[in-house]
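Since the structure comes first, as structure tokens, the remarks are kept for the end.
By written order: A, B, C, D and E. Residues from 1 in each chain.
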Amino acid sequence: MQVNEYRPLIVAFCCNWCSYAGADLAGNNRLNYPADVKIIRVPCSCRVNPMFILRAFQRGADGVIICGCHPGDCHYTSGNYYTRRRMALLFSMLDYLGIERERTRLEWVSAAEGAKFAATMNDFAETVAALGENKRLEDLRCKK
Amino acid sequence: MQKITRDQIVSKAVSLLQDGTVSAVLGWRQGEFCYDVTPSVFNTAEDIEANFVWNDFCGANFSKYLVSKTKNIDGKLLVFLKPCDTYSFNQLLTEHRFNRESVYVVGIPCEGMVDISKVKAVSGEGIVCAESKGAGLSVTTIYDENPKEIPYAEVLSERCLNCKSKKHVAYDELLGDEGEVIDSARFDEVEKLESMTSEERFAFWQGELSRCIRCNACRDVCPACTCEKCVFDNPNSGAESKAPTNSFEEQMFHVIRAFHVAGRCTDCGECSRVCPQNIPLHLLNRKFIKDINSFYGDYQAGAEVGMRAPLVDYDLGDLEACDVFERRDSE
Amino acid sequence: MNNRAETLIPVLGVITDVRIDTPDVKTFRVVTPDGKKAFDHKPGQCAMLSIPGVGEAMFSITSSPTNQEYMEFSIKKCGCVTDWLHQAEEGQQLTIRGPYGRPFPVDDEFAGKNLLFIAGGIGLAPLRSVINYCRHYRDRYGEIDIVYGSRSMDDLVDYNEIIDEWTKDTGIRVHLTIDREQEGWNGHVGFVPSYVKELDFSTDKTAIICGPPIMIKFTLDAMIEMGFAKEQVYTTMELRMKCGVGKCGRCNIGSKYVCKDGPVFRCDELSELPDEY
Amino acid sequence: MQRIGVFVCWCGTNIAGTVDVAAVSEALKSEPGVVFSTNYQYMCSQAGQDIIKDAVKEHNLTGIVVCSCSPRMHEATFRKTAAAAGLNPYMVEIANIREQCSWVHKDMLTGTEKAIILGKAAVAKVNLNTPLTPGESPVTKRALVIGGGIAGIQTALDIADAGFPVDIVEKNPTIGGKMAQLDKTFPTLDCAACILTPKMVDVAQHENIRIFSYSEVEEIGGFVGNFDVKIKKKARFVKEDICTGCGACVEKCPMKKIPNEFNLGMDNRRAVYIPFAQAVPKVATIDPSACNMLKSGKCGICSKVCTAGAIDYKQKDELIEEKYGAIVVATGFNPISMDKFDEFAYNQSRDVITSLEFERLTNAAGPTQGKLLRPSDLEHPHTIVFVQCVGSRCDACAEKGKEYCSKICCMYTAKHAMLVRDKYPDTEVYVFYIDVRTPGKNFDEFYRRAVEEYGVRYIKGMVGKITPEGDKLKVQASDLLADKQLHIDADLVVLAAAIEPDKTARPLATMLTASMDTNDFFTEAHPKLRPVESPTAGVFLSGTCQGPKDIPETVSQASAAAAKVIGLLVKDKLTGNPCIASPNELMCNGCSSCERVCPYGAITYIDKEFPQPDRTVAVRRVAQVNPAVCQGCGACTVACMSGAMDLRGFMSSQIIAEVDAICK
Amino acid sequence: MRRISLYSLDSLFGEISKSMTLYIPASDNAGGAVYTKYEDGVEYLNTLNTVKSPKNFFFPHTEDLMEFKLQGKNIDILDIRQESEDFAVFGVRGCDVKSFDILDRVFLSDPVDSYYATRREHGVIISLACTKPSETCFCTTFGIDPTEPMGDISAWMTESHLYLQPVTEKGKALMSKIEHITEACDDSEVLAQKDKTKNILSKLPLKDLSTDAFGSGKTKELFDSPQWAELSQSCLGCGTCTFVCPTCQCYDIKDFNTGSGVIRYRCWDSCMFSEFTKMAHGNPRLTQTERFRQRFMHKLVYYPENNDGLFSCVGCGRCLSKCPISMNIVKVMKSLGGDKNE
């Protein structure tokens, strides 16, 4: 058994109405995904300020994923549409700065998609793990 | 090389001041050297006639000053706006940052402004005179009394070489002829960066941003940065930062700032002009502008008053975040 | 590691007692972890207290230098650090460095003089150190008058000590006042400056004023009117401080740094300084 | 700093099976703010809740972290527990260590490690929690229905029947709307007037209903439960309360050549008119643009013949101000203009008509008294071509027509075709269609009857061009199934024009701050779950203003909207969600970004005075959030550049604290 | 005095960097110069002034002061300083050399700032005389002779040689280490070059700028001048002038929570920033005019008052070329200096 196997740190922002419920459903169905994923509940994906994402990277997160209701299904009708624009531009900008584009992701997961939630997290965790540690956007002072 | 002369502007300012249309004039004041020009409020005709200057170094965008200078003004403030400045002007009006009624705008055409550091790169230090002569600047230094003629193409600032518009989008009165929106090559540099590998881009930005000294000049000059309290000054914002502690902080500052002005930035180029470290900050803003144009359709902030900025708008059929790179790679 | 005395690195302190003075003022007793006084100080001097991660702030040391066991700080809740301190409990550690600033000239100019202390609100905190010092060396000074005013009865800091100790000392007269009438208060009602005029002190006294800037200004005006010279009046000031040693550049009034050249100023010195406060 | 109690639940073995609960409660003990930490088998049980209550008292707790199942499961439970112990219920945070930890991770070590981190995040958040109290606002127990068509009528009746006063605002002189213009209704073929007019009478006679006909909504302020509405009652120059509707004035009016809107201009009315016999209110209206007396002061006949003395040429527009608790939008639809469809020769030939015109043409009260005569020469048409999807389901780039399906055309065309074939079996009837869509009760049967029993010739294909030639209309079309071009000489062509929201909808939406889609249909609060509510609280949607609908659908949505309104009006007070946005005025720029992203119109601006650094006072525009309207999505918090806007319960500082705790 | 051929400049740098880290001006790839650690491939850039002043070597833009570890109610204070290593800085102009004197009077006066002091002790300054001053230069106003640049070792660069003259013990020690690659020489060429430079100095546009109106005791006269409002009216309140200034020394102390501890660090601050003097209950300098005045009053009056008349400006001209709105100390001095600067 490898003791110091690298495990990525992944922060997942999930909207309360769809994706958080989707994550709960994944739990109800006992669908495994890595414990690297830590979920933060927000009322709507549009509550996720790009600053939160940068903050997570600063503090040593290796990947950040935002999950919200599918377009058209937002509990607040239009929140996820704003999220979609904000994240499209932010992700593009991070890539432009030379941050690996695979470290950020936006996914639509409904309350019924427990399986999709687990699959998404498995895939994302694997992708991020393959990239290794986030070195380009970390704050050296926060290094443990 | 400016098409409009100082005399035309001065006489316009003096007559508007004397006929009571305006009570003060925001303009450029001559400094120590031929190239140093300070934005200034003029209250008397004598002052204007003596110290008002209009030359190839009048790059400062006055729009932002209107936020503070119109606060306690009796009557109207006269402001001279170059075409690019008028976009900032409209954007500020869209955001209700000052009262249109307290400003009298005279649009003035602009043939591009000179970047003095580019001049010095050619002429060397010790400039005593830099005058417009034909298609270039005639520069004299302490070390060389024979004027050196430098073509404008070599010394115009980057933003002027890539001028996006010679058209005024706001004015009460126009001096000279109206120009056109220009199909500029301003995104070429962005595209060049985009075509690099991720590692190359990272190295590029590390190199550029590591020079940042967090003087905040880019923010403080930016017409889109007129927040009552900036997040970087607010200990409770989660983004407060004051000094470049390591590479992350500078990136954080510039990314957040670029994001905050995304969709509101008119690409006036003041950030890059004032940066004491010559960081090409406009390349961040232009990236957002280019992306917005490509993802959501062409959008020029400040083209009209009251436009809905792309980040406070949406379309049901918007591009998915995961398709962003596909879109770009296919371009 | 060199052995220079470190100016910016603090030592540890522990809060051993928290006393609630008024609704927004608490007094904290601080010692080092081994139970000693962190350092010696003179009346009127300050110390930098900090909670790592919250911030560092300058406070005047309210206890008398004659107290060799601990230091006390009376702190009004009005910002990050003070908010945090106000919810701290006994046993909480903090960091402390100092002493900083020029003290009151208790051993020279004040010696043998009749003293008049005038304080408003939390302004009593820096004076308490001097008052108790003078009470300790009672024979070195002449008459002592203390005028102390506050918004209300509940806002009088150290009320118990004033009543139980100061008023009982011989040769000390305490004059209390509150801004507005209040049930249960049968003392004087009115603002400090006018009360000072009312009391009509003889001008042979050396006065020490501390309180909100507006109160200092009006009291000083009143005293000049009464015939006091500026040279007879001392006050202590507060500005934003970071380093405490006159280097970080923010607490200056003209060429004087409050943290180093103050916080105690004689009023004639102050009037030499530009009106920036 | 808070005094936080941490309560780790075993959930039997559900959590304790993969998470070392004792280790979790032990690890969280040393987190900042935590003064008490314990674990228990079932925290949600009475005994578990008692542990919490006791701990609150014993340790003087100010905040609670429960590490348990999903907050979607028991957040409400533990909030009640906290409230019972005297704590503000919003001082509780749940760390979800079951659904999002023990159930998805198998290994005890990783499970425990993650549970601790999730617990730390919850502790970090609670440290910044503040007590929240939901706001309350009173409810005005009166509803406003905008639009007096069948949707508005049904909604108004249902609300009124429940005992609440309702006002209907109708821009036309009578209520009834489009349905009043219809002849028969599919699929039952009962006469529209027969089923509608009794309802109109009910409305007129209902003690809880007031009708403001010939009126428009001028201004809307306020918010759910407390709308302030200004209604402009246009001058009709007839005293409504006196006019008996006898029609004497109409008969004598010399201005006879005014196109009759009710019959879509296919015949004429007088300058003073009653739109139709069953109009409600049945009072005359003088058309000021046609009346000689009003235009030049010469005439006055109607005044002379009116025995009741109801004519009042001096009448002025009247502004009525009223308060409402709820507003129902029932502004309906119109067929789109055929101007852009030159290929169908609508503007060239009077014999090319729209389906609604066809309705009037076959209606006994219509211009031809119900005889099917073509408009140009009043001859009986022998060949009729119906064209479906005119302006519906258009290509987005076609720059004319609509992208959506208008939904009702297939069925009414089948109805028209069937009726023609029934009454005039000698008539050839062609229907050109893209698809025939008949999802509805008895709809497909109806369509099949048209084809099978009545011999209507349905041709799958589009009509390319219609050219008037002599008294014929040359119809060029393609038959897609037979793959051939067709040429038909028709006597009458009927276009199934697409329907679009009424033009008044857009300005109304602006007044209501209700959102619309790109087609100007009102957006519903949730397309599946809240289809009759607008995202703007207190605004409800009835009928085709929300999307194309047939009559039964409209009526059921109208009743549904009424039910929602009643549900709102029975409340004396509205209790808001305390987790709402709130702006820090000192930092607000007044830039309007937040207002622009708010789906509920909860944000408005006021000019407020602020002392300036230079000791002057400046007036600045700052945002205000209406707590009764805000739903707490947080879109505004990110749109706000300065960070002035924050969301209670999910403050930026709280989320950042969670991020930091997780990334520690 | 010793000299070395300019062709051998690299061997000189190589030799110095054998015993200590050496920093030389090099291109910052953006048209400016920056002190760069000398190693293979780093090319010396003969520039007038670096964008950032060399004060960074002794008073870094940011430096960690200490770290705290928190556990419950307990705190651990850790001194996280690394022992400073010796270093040398080459090519410091006379004005910047003078700035160290100005900073020393702040940081080395009682109580000594040990962070600064340690770095100062470990640093060797090899100055370089100016030959091509710019129109923005006015060091002579403050009595600085740019042809006699001082430092630990003074240096002059002619067209063929670099001349070195040790000034301090530290300088002598370093000189001895490079003695074998330098040759002894007389100062005739240096003198010739000084004359040439002085001739240029006499042609500089700001050569007549006078400090007569300023200095100790001028507070009352200058503080309430109406000119401040006009001078500061377009000031953006940014920190460019402060951060390029070799003598500005204001700093802030801030805490940064790393998640595993709290780092207390010091960073440059600017009296031009609106937050600079902000307290929980107010701000004594509310307007940009007051903040602007503070900066120049400090340089021209307060500092001299506390430091034997020494001005806190060395005339390096950085703020003249970098201010976004071209407002600077020269304009202030001319405006407030009245007749003396007309």
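To be clear about the criterion, contacts are C-beta pairs under 8 Å (C-beta built on N, C-alpha and C of every residue); 3 or more make two chains touch, one makes a residue touch a chain.
Everything quoted here is computed from the prediction, not taken from an experiment.
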Just grab the chain with the largest centre-to-centre distance to chain C, centres being mean Cα coordinates.
D
Between the pairs A-E and B-E, the one where more C-beta pairs touch:
B-E
Based only on mean CA positions, could you tell me how far chain D sits from chain E in angstrom?
68
If you average the CA atoms of chain C and of chain E, how far apart do the two points sit, in angstrom?
39
With chain centres defined as C-alpha means, what is the inter-centre distance between chain A and chain B in Å?
37
Between chain B and chain D, what is the gap in Å from one C-alpha centre to the other?
45
Could you pull out the residues of chain D that touch at least 2 other chains?
597, 639, 652, 656, 660, 663-664
Note: chain E residues in touch with at least two other chains are 70, 252, 256-257, 259-260, 269, 274
At least two partner chains per residue is the criterion; list those residues in chain C.
80
Chain B contacts chain D in the complex at 71-72, 94-97, 226-231, 234, 236-239, 260, 308-309, 311-313, 316
Interface residues, chain C side, partner chain E - complex:
1-2, 4-12, 52-56, 78-80, 82, 89, 91-95, 239-240, 242-243, 245, 247-252, 254-255, 272-277
Residue numbers on chain E that touch chain B, as the complex places them
28-32, 34, 48, 51-52, 61-62, 132-136, 200, 203-206, 230, 233-234, 236-240, 242-244, 252, 254, 256, 265, 267-270, 273-275, 320-322, 324-327, 330-331, 334
Listed in rising order, the residues of chain A that touch chain D in the complex are 9, 11, 16, 20-21, 23-28, 30-33, 35, 38-44, 46-52, 55-56, 59-61, 72-73, 75-79, 82, 86, 118, 142
Hey, which residues of chain B end up touching chain E in the complex?
31-33, 36-41, 60, 65, 116-117, 121, 124-128, 141-143, 207-208, 211, 213-217, 219-221, 233, 242-245, 273-274, 276-279
